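Written out below as structure tokens is the structure these notes cover.
For reference, chains read A, B, C, D and E in written order, and residue numbers begin at 1 within each chain.
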Amino acid sequence: MAQDSRGLKPEPAVRVRGLTRRYGERTILDGVDLDIGRGEFVALLGRSGSGKSTFLRALAGLDHGVPGSGRFEAPDAVSVVFQDARLLPWKKVADNVSLGLKGDIVRERALRALGEVELTARAEAWPMQLSGGEQQRAALARSLVREPELLLLDEPFGALDALTRLRMQALLLDLCARHQPAVLLVTHDVDEAIHLAQRVLVLEQGRFIVDLTIDLPSAPAERELRFAEVRMQLLTSLGVTEKELRRVA
Amino acid sequence: MAQDSRGLKPEPAVRVRGLTRRYGERTILDGVDLDIGRGEFVALLGRSGSGKSTFLRALAGLDHGVPGSGRFEAPDAVSVVFQDARLLPWKKVADNVSLGLKGDIVRERALRALGEVELTARAEAWPMQLSGGEQQRAALARSLVREPELLLLDEPFGALDALTRLRMQALLLDLCARHQPAVLLVTHDVDEAIHLAQRVLVLEQGRFIVDLTIDLPSAPAERELRFAEVRMQLLTSLGVTEKELRRVA
Amino acid sequence: MADLSIATARTGTGSRAKPAGWLRLPSRSAALAEAGETSRRRKRKLGPGPVIPYGAAIGPALLLILWSLGSATGFIDDRILSAPWTVASTGWELIQDGRLQENLWTSFVRSFWGLFWGIVAGASLGVIAGLSRIGEYLVDGPIQIKRAIPALALIPLLMLWFGIGEGMKILTIALITFAPIYIQTHDGLRSTDARFIELAETLDLSNAQFLRHVVLPAALPGFLLGLRFGVTYSWLALVVVEQVNATSGLGYMINLARTYGQTEVIILCLAVYAALGLSSDWLVRLITRKALPWRKILAD
Amino acid sequence: MADLSIATARTGTGSRAKPAGWLRLPSRSAALAEAGETSRRRKRKLGPGPVIPYGAAIGPALLLILWSLGSATGFIDDRILSAPWTVASTGWELIQDGRLQENLWTSFVRSFWGLFWGIVAGASLGVIAGLSRIGEYLVDGPIQIKRAIPALALIPLLMLWFGIGEGMKILTIALITFAPIYIQTHDGLRSTDARFIELAETLDLSNAQFLRHVVLPAALPGFLLGLRFGVTYSWLALVVVEQVNATSGLGYMINLARTYGQTEVIILCLAVYAALGLSSDWLVRLITRKALPWRKILAD
Amino acid sequence: ADNAPIPDKIAPGTKLVVGDPQIRVALTLSGELQKLPFTVEWANISGGPQTIEAFRAKALDIGSVADIPPIHAQWTGLDVKIVAAKFRLDPIGHPIYVIGTAPGSRIEKLADIKGRKIAFSPGQAQGALVLRVLKKLNLKHSDVQLVELPSVGDAYTNALASKLVDAAPIAEANKQRYTQNYARDGAKALPHGLRDDPAYLYVVKSSLQDPDKAAAIQAYVKAWGRAAKWVETHPDEWVKGYYVKDQGLKEDAGRFLIESNGSPDVPLDWNGAIERQQETIDLLADELKKPVLKAETLFDRRFESVAGAAYQGE
């Protein structure tokens, strides 16, 4: 899954230098640096409340009024899946997906996207009539249909069952392969991070304490070994102790 | 973890017979039967949109106006963790947790509960100032502090990182051991279901197509084997195919 | 793998050592069977309770009954508040004359156009002030001032600028009705949840799209509430407006009846006002229910 | 396990074959450095734009300038709209007389009590009608009727029942102010998100707790908006109320000035009205901002 | 120019806005309307404050009022002139106002109002009447309790009926109903014995300075005089056409009003009128601390005989 075009790109899609964000007394982001190359898929892990969403919101340029400093460059064509589904309650699902799309086959594209997230049947429902996972998928469809240069995903699969989750992951990877956006995916699922991303970051105390390139060998046995190793490594950095690790494994 | 007092109880805490619920043309619950014993911990799995939340809402008596039939009995002292955190935006976190508590040390109990979900520092924040996972934990605290006879949990750990999730699971099990409520836990994490529950249900097309008692042997090796088996069984029933299973494993 | 014993464990009872015995207890199960459909859900404990058909008519009907009783027993002095039947027969006479319909129609046309322009002005100024800081600074202050000035005191100025014809009347009604619509629209816009604004920014909506898809729907409930005020005011304004150079209309009728002390005509006019107020308010509420199918609120 | 090479991969640059070259391009980095703090965020594209200090004064100030210019150039006929300076000097005379303060104070007391009772009645009836279907059926219809009937037409009845003393004046003001507060409170209650009602049911809240912790806070924004109307109306009502057996008050002053055609006094009164309206509206908005710290809306 | 003769020629297209709804009906019924040599636009505007406001707004050319508004207009700097005057032949026997007394107030004669509550609206004709009654009875303000109430519509009869005041001037239009309703409870309508009968047409002076308008005004005043005659000689048509059809009264109420109006007096000579107007001015000026006006200046005496002559059919 790892694309080897990485590292050759002269200019990254996202460049962050010394990004600091504070809420009141608490420094959430403490001088963060990060580059994400074009087409690179980065996963972001971190404890609950560590500032993952804050970082994403900063990159999306949504944190007006939050004190802080630092510089960043991000493409203009950003697409965000928020941690909450954030569907407009007064628009039917299909209209939520097609919102702001340009071009003439807007509705077709929206319906196709809904089909891809298996929500064709619910296209004419109101958002409040959707189940939690359906809302999440609608938000995903809305984001993916846009073909952005930078895709910011804040736990987009959190409310999905195993099967749907796998399908949505495949969908995302497929889209990435086609349009090559830079992706920053926040997730709590370490396995998911390893499977999907080329690089995994762990945010802790306002800094990235881990920045790990995922380079799983292709031979199945070696691959499994390396997978377990990386997984262990990430879990440890997330603070899961040996005893707890045993239960997880 | 399985308690063997099950089956001896003369009257279950929850009895459901022929429960049917429809939204428009679609039958979501199609004559569901279920007994949950006192102190029993049941996990409910199911595809996104399969009707898990609908079932929980029916048990909690919240689905006024939804057409359907069937009978059920559930205790009056029910506590629900909704799929969305559902904190009152105009109450600080601590006040959200203490809402409706009776007795005189209400505030202490709320703060203790917040301490247990590691949110002491955020007790005086507004809900909109919490991260997604923090909101979920606040909702969990609000539910657990009530010591109900029936605990309905709709994906209470979905937005938590691995470590926090483990701690919250431990907290829940601890509470269950102390107060012996009947628990119905909706989750998408098959491992979590197996680890926590004494029984796992899978909802599909309006019926429970699986009702599996979890009886893991205590010997580590056997246990691991049985765990993998049960896991596989549940994943298959959730529709995850062989090929996909390989990636999951 | 698929043929594990999954499908066999069909219902909860199968996996339990001893199925629950309650179905076999005759008394218990009988009780449950009797209660049947109704017992299957908890009663809603909080909230306003079930809707009674035509319940909204109870209050007005009660008023009417009290009024009739009071008049019949002589408890209400009919020189001050004519009896309902007197009012009804006066109404009947006036209808046969054609006077009531005529006046009502004149007033209706005035109210309609006044309200129309009031809505147009209120909604568009509300949007301007709601969406741009400059717009707010320019528009909001003067509107608050206008709102604070008694309509009666404005009339001389309006006469000066707009004469004493029909245009001035419609303008005055518009000026009276537009204030609540403006305020509600403005407040509705400003109260739009910030999360949706963030969403709109990431979706790269143009200003027009933002307005159309996000902000206006969000402000719609407020606008409709403002409309409830506006509709009522468009009727009330008639009393003020039809003092000036009017020879027909409901307000003119009531003013004329007052000079001649025709109590029953006054009360008739008030009854007409009440009927108009109730029905137009009801209409706006109906529109509100239809226009906001996406809301799930206590009222439902 | 813990000492794997985790901590080494500190920043993004470490893990990439070729660090981004842009820091070494002088022109680019200089531009970034120059832009500094300000360039680090996107401009907000949607929404009303930044707050200008004292911006709210722009509109009224502009009006004042236009008025002054119009008067100075003779464009505005000063027999209809006296010049600002005439009004100011009239005001100064009346203040030295003590008349203005006196009248203002009388009116203030009346408005205050009228508003007070209007709020009490409006809020409690709003809650009653909002929370119980029966209450709504009994209360809402009559209130809509009351609202639809012109205040001027009600005065004779009120005089009959409550005399012509201070009590009747305060009552009339209360009756005028309570309608918007009632409607807004009622609507606020009824618009409470159904999700919170479900929550309240599962938390087993008593009716009183439900009211206090869920429904009233949810209705608070609506109530405060109603208050904005109510406050203004409490001033406007003076014109109606102080026609009856009053020998002082702002409304009395303006009515008297109208009969005598004292344009500059009328305009002075209107200016006072404008000032009162603006400042009380501003006050309620301030309260709104303070009372709803938990909201995150477009206005912020 | 004030003394220059009124021009006769009316340029085509001259238009007057006339606030005199009663005469409009009379002219329509008598068929005079089509004969007017200028375009007339009727405005339903009458009474002091409204006509003054409309004059200011240049929305009105001719207003129809009683004796007070021209005085107020002058005091507020609006130069107006009276161009026609109409009185009643037996003004004491056919007053416009009577003093109504509240049921149970036990006021038998006018002098009994001493020490009682009297409705008073400064600035309106009713208010001036109260002042004149007090003066006639030799009472000071402090001898009675003046309750300030504007006399709009039925405010005064309501105030009397609910015993909020003991006495109040009520218009003839209300007198019949009031006594019908409340005489049995002891309410009375007492004659005040003063002249309250002036009815004037007045215009803004600037209108008179426009020769076309001045000529049109003269034509209107003539028509007005003829209309007065017509009304007097066609009581049945008048009751049906005005009171019943236009104002929506019952026929007997209309008849009663015609009765109580008595016969009109449209004099050829204004000396008496000017004298009485001066008295009113003096009283009000004293009362309201305003400068004393010369009544003379309120009247445009070029019009002195115009209406009277028309009334008499010349």
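FYI, a contact is a pair of C-beta atoms (placed from the backbone, for glycine too) under 8 Å apart; a residue touches a chain by one contact, two chains touch by 3 or more.
Worth saying up front: this structure is predicted, and the values here are computed from it rather than measured.
Novice: How many steps does it take, at the fewest, to get from chain B to chain E if each step moves to a chain that touches the one before?
Specialist: 2
Novice: With centres defined as the mean of C-alpha atoms, identify the chain lying farthest from chain B.
Specialist: Most distant chain from chain B: E.
Novice: Sort the other chains by how far their Cα centres are from that of chain A and give me the top one.
Specialist: Taking each chain's C-alpha mean as its centre, the farthest from chain A is E.
Novice: Give the chain pair that accounts for the most C-beta pairs in contact.
Specialist: Greatest number of C-beta pairs in contact occurs for C-D.
Novice: How many angstrom between the C-alpha centroids of chain E and chain D?
Specialist: Roughly 46 Å, centre to centre.
Novice: Specify, in ascending order, the residues of chain E that touch 2 or more different other chains.
Specialist: 56-57, 152, 154-155, 158, 161-162
Novice: Would you please write down the residue numbers of chain C that are in contact with two or more other chains?
Specialist: Each of 44, 80, 156, 160, 195, 200-201, 205, 266, 295-296, 300 in chain C touches at least two other chains.
Novice: List, in ascending order, every residue of chain A touching at least 2 other chains.
Specialist: Where chain A meets two or more other chains at a single residue, that happens at 61, 84.
Novice: Within the complex, which stretch of chain C touches chain A?
Specialist: 195-196, 198-205, 209, 213-214, 217-218, 220, 292-296
Novice: For the complex, give me every residue of chain A touching chain C.
Specialist: Answer in residue numbers: 57, 60-62, 76-80, 82, 84, 86, 88-91, 99-100, 126-128, 142, 146.
Novice: Could you please specify the touching residues of chain E with respect to chain D in the complex?
Specialist: My answer: residues 48-49, 52, 56-57, 72-73, 75-78, 121-124, 147-150, 152, 154-155, 158-159, 161-162, 164, 288.
Novice: Under the touch definition given earlier, write down the residues of chain C that touch chain E in their complex.
Specialist: Residues in contact with chain E: 79-80, 94, 97, 99, 155-156, 159-160, 163-164, 243-247, 252-253, 255-263, 265-266.
Novice: Hey, which residues of chain E end up touching chain C in the complex?
Specialist: Residues in contact with chain C: 17, 19, 21, 43-45, 50, 53-54, 56-60, 152-155, 157-158, 161-162, 171, 173-174, 177-178, 181-182, 247-249, 253.
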